[in-house]
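Listed below are the structures to be examined.
The two complexes that follow have chain A in common; it is paired with chain B in the first and with chain C in the second.
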Partner chain A sequence: MTCKATKNSQGLQFGGTMPVLHPVRLPHKHFCPYSGVPYVNFHIWHGVLLIATLALVVTASASTGDQGRLGIWDTLVKWTPLLLSGFSVNLLMSIAAMAIGTVFGVILGLCQISLMPQIRTGSWLLTQIFRNSPWLVTLFYVMYVIPFEFDLFGTRIALSDWSKATFGLSLPVMANVSEIVRGGVQSIPAVQWEAARGLAFNHRQTLWMIILPQAAKRMLPPWMNLYAILTMATVLGNIVGVTEALTLTREIIAAEARTDLLLPLYGYVLLMFFLYVFPISRLTIYLERKWAVDA
Partner chain B sequence: MTRKLDEVQVSLRDVTKSFGAFEVLKGVSMDVRKGEVVCIIGPSGSGKSTLLRCINALVPINSGSIKVAGIEVNDKRLDELALRRRVGMVFQSYNLFPHRTALENVMMAPIHVLKQDKETVRKLAIKLLEKVRMGEKANAYPGQLSGGQQQRVAIARSLAMQPEVMMFDEVTAALDPETVKEVLIAIRELAEEGMTCILVTHEMGFAREIADTVYFTDRGVIVEYGPPAELFGNPKDPRTQAFLAQIL
Partner chain C sequence: MQFLADLFLHLYEEYDINFIVFFDQWEFDRYVKAIGLTLKLSVLCIMFSLLIGVAGAWLQRSRVAPVRWLVYAYVQVFRNTPPLAQLYFFYFGLGTIMPRFRNEMGLMEPFLGNFEWAVLALSLFAGAFNVEIFRSGVEAVPKTTVEAASALGYSRLKAYIYVIFPLAFRISLPGLINNIVNLLKTTSIAYAIGVAEVLYVAQQVWAVEFNVPEMMTLVLVTYLAIVSIFVWLMSRLRRHMRIPGYDM
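Let's look at the complex of A and B:
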């Protein structure tokens, strides 16, 4: 706001500049309002810093490297196809876990706002358990609880490590989606329910035709944020034996038996994740900011 | 205004309502006849809005009885649909559905609740929007409309259910002064067409002009009621006198 008063012989008067309320760019929220999860907030300079560090490490390592060995850049290029195949496993896990977690999370979230107290309490409990457990512990638990193969009507179905890990990761996703749905629905003003009831809509119609369409818009940024977090969490698969990007990185380092590759390789994988998550993060923050105003 | 009034359409007998320990309505009785325009005035917190919400069963009552067009509202097996299609309600905060256009707001309830034919409803909705002078803004979203415009759409939305009674809960209280008039004109036209109207309002001039009967409520009871000329011109109860002296 600017407020400028000019003084002339008659006394205090407003001159050419009158008080104006300039449009302000609202700060985005640092935490998702429904699930309480912090927003992933990458900036372009994070990427610049990452690339600069990587370049520095590569150059420094190269200058101290022995002759007769492949240079750092060439080594990175050589292993890129393998690393990308590992990274694609991370992406596959993230998409599948998100899909499973979203389907069950939406159901669980709707149960949390059910009119029946037993269903409400039960779904609340389930949500809290998986939302507050460490992701890695849940993952280990699932890996050991689910058998590596089982019989379905006489057909033996083998369960791969990555599919089990995906399921393990989908549980905390489910719990967080459940909270996003519950919070999103409850953030719609009660007068919207009242107006709908006044027009003779029943509870179900009100929820599906009036409340949820409005809430969906508010749920989208936290949901996208959850996906960004999940994508970065898929490297936990490394600990339970999934052949993903981080597992392959370690195997490459072991195979090359070169310590000068440590930082460049991990930095390289870090960059892959950054390049994927960065646009999602920016879009999330953009939507969160845009919709917060007219919501 | 004088109109020929016939049968009682809304009838309240000794209605009480408490929120916890706080008694909002302490035995309210009133009769509203078909085509009658009733204005309820009184200080904030005197239970005016609650009274309206009790009439269309948005708020359950503790004791007494409410009858709307032959329907006993306090009945445990109340057919809410049957009641609410007869009683339209317009709120102070308009409460349009922000994700739907003005036209869609008007069309939703008849299509999904009354299961009426979409094309018939569309024609009716356009007619109603034109009636409240919002025909040109049919495809605008609520966020693109001013308060007064939103409120007129809200009136059209209620009318689309073809109610027998319209209730207005301080519908101009949240509006800019310059848009109040356009809303009041819409309400006046309705009243002139013979719609039974119950208004909670702070617009004393409007109440005086439009009402057949004015009720003054204070602390959960009806203190005094009568034709506007009488209630405004010659209030009998000291509480009414004090209230009017403050406002007028």
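Let's look at the complex of A and C:
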């Protein structure tokens, strides 16, 4: 992985770097200042080493597949479709909870910067309650307090476990989005408000046409970060009985009745989440640096 | 205390609102013990995660490249996977392949119990965040300060201990507080491997008493109280550690 050099601040450049004897030991530069990715220079022998290790692991696990049992590798391949279907439940829950949480969170966040003190205090309290209680506890709360079915105009509506869990997860998301909105709006310098007033914008116009468009850019990275956290929180559904990736893993282990599968299978689930969440968090850091306001 | 017990007993008998924890001595003791265990778990995890954070931030500046890659890989893996999946990986995955030994009663006992695994997994989880927080704190220490220290004859390690770290700690304190609050809340997932902390005991109580809304409310208030007290203590610490001229 290499990193593109950022703009040269001096503007003046000599051909090539000149050897300079520094009076002090310069700090190591291990991370690209732009993307935060560490400098890693891959050579061909790295790839050879990696492939050799992988091949060794696969053959070693395949060779244990005698006496009628599948090797670890084959077992993982066999269960992959089921695990992926479980993982898609996680993704579905994360997207739905994010959508619900964002809609209500934005409303709550705007209430937090309302000009009316009662609304401000009330929404602040609501935000703090859901922000400072554990996700698992709010999830339990919703799972046990909301009935599994109810009558609406004579038709019986049954609520599935996953939809209830999604609602339970959207509450802390709502509170966090509310804080992001409040923080984003308050991070816009006060001179913007004053300038808008000077140009005869009223309060609402200033907020919607001047402040929020600027704040949106600052709110996006923490919002994406929140999504990554939410995606990782969806496995909590396992504790309250939603059939998602981790639940299926436990069922697979129970079905196979083999202890040597425990480590690979849980590692496999970890890998799935990592492959999904890692790019999101890299992108978040990238956007954060790109849109950072120079102090 | 007796007044409170009477009040809640009255509430139960008249309105059927069952906060049994407040008027039954046995349940009260059990719940207090659970709060104690949550606090113990939190304190241990905070300590270990801080150690991991400091050590990781130091190792990330190591002159040996593979060490830096290892720290980077550790941080990214633990930051980008669900803590519950990590806990399961440790407890069910690693826990089963760990050696067992015979205790004094002649029963086979695992090498680490569920509490110890919870401490380990949660410390590693929070530690990964702390590494990043400390690293950015260390990077935020002005270069001139570091140079001044080395000009005064501080070695690399001594400069880190006496000059860089005290400043970096103050800079990274807000991020640290945030992360530890997050850790306090995450301790509730230890419920999943049967650590008898607040949520677990509450669940045991409502399984018998069928008072789910009351117990859930109590759990919510308990966590809010723990977090609020911690945040209050930390704001005092920040004021106490303030250096004039460094407004943080």
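Basically, the second predicted complex is superposed on the first by the 226 of 295 C-alpha atoms of A that agree within 3 Å, B and C clash if a C-alpha of one lies under 4 Å from a C-alpha of the other, contacts with A are read in each partner's own complex, and residues count from 1 in each chain.
The rule is short, and it goes like this: a contact is a pair of C-beta atoms (placed from the backbone, for glycine too) under 8 Å apart; a residue touches a chain by one contact, two chains touch by 3 or more.
Just so you know, these numbers come straight off a predicted model, no measurement behind them.
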Fit-or-clash call for chain B and chain C when the two complexes are aligned on chain A: fit
Touching partner for A:Val48 - first (chain B), second (chain C), both, neither: neither
Partner chain(s) touched by A:Ala233 [first = chain B, second = chain C, both, neither]: second
Touching partner for A:Ala255 - first (chain B), second (chain C), both, neither: neither
Partner chain(s) touched by A:Phe273 [first = chain B, second = chain C, both, neither]: second
Which of chain B and chain C A:Ile129 touches, first, second, both or neither: second
Contacts of A:Phe140 with chain B and chain C, given as first, second, both or neither: second
Of chain C and chain B, partner touching more chain A residues: C
Partner chain(s) touched by A:Arg197 [first = chain B, second = chain C, both, neither]: first
Closest Cα approach, chain C to chain B, once both complexes are overlaid on chain A (Å): 23
Residue ranges of chain A in contact with chain B within the complex: 191-192, 194-202, 205, 209-210, 213-214, 217, 294
In the complex with chain A, residue positions of chain B that touch it: 56, 58, 80-81, 84-85, 88-89, 91, 93, 95-99, 108-109, 112-114, 143, 157-158, 161
In the complex with chain A, residue positions of chain C that touch it: 60-61, 63, 68-69, 72, 76-77, 79-86, 88-89, 92-94, 96-97, 143, 146-147, 150-151, 156, 181, 185-189, 191-192, 199, 203, 206, 212-213, 216, 219-220, 223-224, 227-228
For the chain A and chain C complex, residues of the former touching the latter: 24-25, 27-28, 30, 38, 40, 129, 132-138, 140-141, 144-145, 228, 231-236, 238-239, 246, 249, 253, 259, 262-263, 265-267, 269-270, 273-274, 277-278, 281
